[in-house]
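Accompanying notes for the structure given below.
Chain IDs A, B, C and D follow the sequence of writing; residue 1 opens each chain.
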Amino acid sequence: MAPLDVTSDSIFWRVNDLTVSYGKALALSSVSIDIRKTGVTAIIGPSGCGKSSFLCCLNRLSEMIPGCCVSGRIEIQRENILATRFDSTSLRRRVGLIFQKPNPFPMSIRRNLELPLREHGMRDSREVDSTITRCLTEVGLWSEVKDRLDAPALSLSGGQQQRLCIARALVLKPDALLMDEPCSALDPVSTAVVESLIQSLSKNYTIVMVTHNLRQARRLGSDVAFFWMRDGAGMLIEAGSSDQIFNSPRHELTQRYVLGQVA
Amino acid sequence: MYYPPRSKDWLAHKLLLFSSRSAAAVSASVLVLAIAVVTLESLPAIRDIGLWRMLSDESWHPSSDSFGLAPMLLGTVLVTVLAIVIAAPLAVVSAVFRQFYAPRALGGIYRRLIELLAGIPSVVFGLWGLTVLVPLISRIEPPGASLLAASLVLALMILPTIELISATALADVPHHHYLAARALGLSREQAVWKVVMPSAVSGICAGTILGVARAAGETMAVMMVAGNVVQFPDSVFAPVRTLSANIALEVAYAVDLHRASLFASGLIMIIMTLFAFCCAEAIAHSRKSYRVGRA
Amino acid sequence: MNAGSRSFGRFSVMGFLAVFVLSVLSTGVSATERLMVTGSSSVAPIALEIAKRFEATRPDVQIEIQTGGSARGIHDARKGLADIGMVSRRLEPSEGDLTGHTIALDAVTMITHAKNPILGLDRSQIIDIYTDKIDDWSQIEDFKGPIVVVNKADGRSTLEVFLKYTQLKSNGIKSDIIIGDNEQAIKTVSTNPLAIAYVSVGASTYHIENGLPLRMVAVDGVVPNAKSLAEGNLPMIRELNFVTAGMPEGLTAEFIAFATSPSVADILDAFYVLPPAE
Amino acid sequence: MSVALDDRPTNASGHGRLLVLALTWLAPAIVAAAFLWLIGDVVLRGIGGVDWNFIVDVPRNAGRAGGIAPIIVSTFLVILVCVAVAVPLSLFAALFLAEFSRASVPMSRIIRLSLNCLAAVPSIVFGIFGNALFCVALGMGYSILSGGLTLACMVLPILIRTMENAIRAVPEDYRLGAAALGLSKSQVIIRVILPLSIPGLLVGLLLGVGRALAETAALVFTSGYVDRMPSSLLDSGRTLSIHILDLSMNVAGGDKNAYASVLVLGVLILVINSGIAALLFFSKRRSGLTS
């Protein structure tokens, strides 16, 4: 609807007329948006407005959801990632996804990070170890777990688990990270830790984050996209820089939403 | 860090898909194979004797060209019905007891006991029936090996199945139905039998039908205690032979037409159990729609 | 190494397959020759003893004995499922494709529980008992209780011998318990004082000597014992045969020759059966 | 008003209620008594016959004396054959049903229906089927191989059902999480789903083995009666259940060893059942940690 005012080579995703439906139910209708490289694009909007569906399309995880049907175009470097011949697994290697609920595998901490590396063909053990160390350091978990890498990942606290999941996505050196309400299952202290982590990651990675928390969107987001639901189907109302959306929204709905006047 | 795409991965996927597809196909075709083999083996009997004679012949004397399965069909039905009549009420009341009456510890112990029994091999029931039950019944009315002995042994065997399924069906009825009934001032008995039971009855029926199928198909335990005389029994103390016992007793030495007619009775058993299975399915489905309809 | 080829599933498959193939191979590799003998449960115990002795002289041979009744013996020998069929009756004209080798003569007699005071029965009494005209022991002797008639399943050769003797039809018999093997008849009678059954003299003598509470009843006044058996006075006599499809060859012929030779005479004695008349 | 209240609960109860209450306690008492009688009998009659010698000796005098060593070996071999055939087949079939097809697809509905029907077929029918197919048509004779294959056909439905449930029980989170890391479908299955469902798969395996251990009717006419130590899979072998059947039906004076064999079989089944309980307990505890 309202493309961001940027030149094309600074754009990571170029989404055009994206429509998502589950069976006969329309979940997202005709979304067009450009998402800039680096920085955090925060997606806000009420529950059920298709934010998570949108996120899942960006790394084509949508195809794993039974009954989910996607149409439209999403381009990365001028290539349509929704095309059937596009290799979705290599796409997901470049675009990590962090879930709302931390979901480390019920294995050891080390194994959680090792699994994607080994499966993607890294064979040298020293390289694996150094990558693990680097990524754990990057998410600030290294000092907390370096003595118990073989402990079960599920023995970590919620915030630690979520940071482990972020580390697990980072070991593959992705270009972008998708985050689906990454802090909503965490307590305030862990939330603060993860938020500052996101902030530091946003310097090097393109991050798209769904959030219900407007203050979080304002704090972290460089760009903000506002989704709304009309007639049961989600749609994009307005997108722009964080400053613009929060301070001078063009759309009346946006204004009322950021002021907390509609639930 | 982009790793090169790997063609091996595609191969692994194809391999996995192929092997799981073919495994599924093979597993599904076992039923077809079993029916085909049994039908093929029984063809001579169907052709030369015919199904009608198998039902109408007076008795079973393969060596004198008499192939009547009717006494054994009746035997199977009688043994099964009697076993269900004995087992089902005991099992259902036991399930009610466990769900609504038993103190926690006692209920737990009782459940363990029932689960233990569900795992006892049928030949053990047969052995016990033969060495304990049959001599006891023989003291009342010889020969002991009888319709009654077979039904009692079968009742013991299927009781755990019905009990466990009934208890699950009772536990599936939302507890607030029970509480609401008690809040209306109904007694525990009224709440259980008038409010909870109607919702659980289809589950209990499904369990009972499973029990029927198991009882009708059970072979060894029945063969050991039923006496195996081919006749229409005139009392519960009379010996009977069931279809399955007939097969077990004679298939080892039967040849030619005799063997084929035993396979034909096996075919009849398959048809009977598939019919029972379809009934159970239908009941289970009706229960589902009932639930959904009310939700 | 790729993930797929290290699959957990296929790993176990390979393990199992290895065990499997090894076991099957071991059959082929092992040098033992085996002989399959199936059929009559009356012949089986005798054949088992003969086989043990034969195996002792020929360690490279294994003889498998399976019971299943005479009809099974005929069938398996004819279809090649067994090398030798055991048949406890004379071969019938319709079985001319088979060659019979009589290994012994056996008598069938009536047995009761040892507590039962009946000592003898004649043919008409036996017929009456088996047709329910006599249904209580008190009608014959001072012993109360309904008679439990033990009969064999249709098609068993011991039943055929019994039918021939009584001239009854299989469908004319009114029984209370139907059993399969001889051993089951013995077990049933030994645990039920009211029961009566017909089994071979050899098997019952063996079990009586081993302390089972059984009694062989005199039939038509002839007491079943070694003497009456040897004199051929017992009314229900039958042949115990090994049958083969055509003339036996190789190991089969060797075993049959051994089984019909004097070196097994003591085994026949032990089972109370007679060597075949020359 | 007070009349209405009075004549409802009190009149309806009284003697009738007491009767219902009494029956409710009586029925389980009868059931428990019958079963304790049975179990007591088995233990009391069998315990005297079981000692070390009974386990390691060969049966003598048709099983009246001696032990059951070859019978235990045959039992394990029959189960080994059954497991070797049924487990890989069920594992892949379960994978197909859980991962490669949707429940609504005709193919998977047909497979499910066919398996459910198969589960309802009486075991004696499997016995004659196995006899006709494996022993006669395929020429394996009465052998451990025939018996094991027949059993494999019989336990297939229960194995597939439990294994499918085990695979489905792996939370969707892990499946999506692994896919989000760019793992291909086969990698997700092999690296994440199968390892995580191992306890459930083992439960299925043990259920199948338990069923196989208890089986008699399907084996009498396929694996045969021979009580010698088997030297290959093509030998006939007598399993524990058949041994019990034979001792109780055909061997006068065999009851004591029949009961002793029941005890051995009972111990094996108990071990398997506690294995199942332990696995369920541990996997429940683990999933408890996850949530």
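A few points about this structure:
The rule is simple: a residue touches a chain if its C-beta (ideal position, glycine included) is under 8 Å from a C-beta of that chain, and two chains touch if they have at least 3 such contacts.
Note that the coordinates shown come from a computational prediction; the quantities given were computed from them, not determined experimentally.
Ranking C-D and B-D by contacting C-beta pairs places B-D first. Most remote from subunit C, judged by the distance between CA-atom centroids, is A.
With centres defined as mean CA coordinates, subunit C is found 34 Å away from subunit B. Work out the mean CA point of subunit A and of subunit C, and you get 80 Å between them. Averaging C-alpha coordinates per chain places the centre of subunit B 15 Å away from that of subunit D.
Across the assembly, subunit C contributes residues 3-4, 7, 9, 67, 180, 191 that each touch 2 or more other chains.
Each of the following residues of subunit D touches two or more other chains: 88, 91-92, 95, 184, 186-187, 190-191, 195, 249.
Touching two or more other chains at once are residues 89-90, 93-94, 119-120, 172 of subunit A. Residues of subunit D touching subunit A in their complex: 102, 171, 173-184, 187, 191-192, 195-196, 286, 289-290. For subunit B in complex with subunit D, the touching residues are 9, 12-13, 15-17, 19-34, 37-38, 40-41, 89-91, 93-94, 96-98, 101-102, 110, 113-117, 119-128, 130-132, 156, 159, 163, 185-187, 189-190, 193, 213, 216-220, 224, 244, 247-248, 251-252, 262-263, 266, 269-270, 273-274, 276-277, 281. Subunit C makes touch with subunit B in their complex at residues 2-5, 7, 9-10, 67-72, 74-75, 145-146, 148, 151, 153-156, 160, 169-171, 175-180, 191-192, 194-195. Partner subunit D is touched in their complex by these residues of subunit A: 59, 61, 64, 66, 89-94, 96-97, 99, 101, 103, 105-107, 115-116, 119-120, 152, 154-155, 165, 168-169, 172.
Of all residues in subunit D, those touching subunit B in their complex are 8-9, 12-13, 17, 20-21, 23-25, 27-28, 30-32, 34-36, 38-39, 41-42, 45, 88-93, 95-97, 99-101, 107-108, 110-111, 114-118, 120-129, 131-133, 137, 153, 156, 160, 184-187, 189-190, 210, 213-217, 220-221, 241, 244-245, 248-249, 255, 258-259, 262, 265-266, 269, 273.
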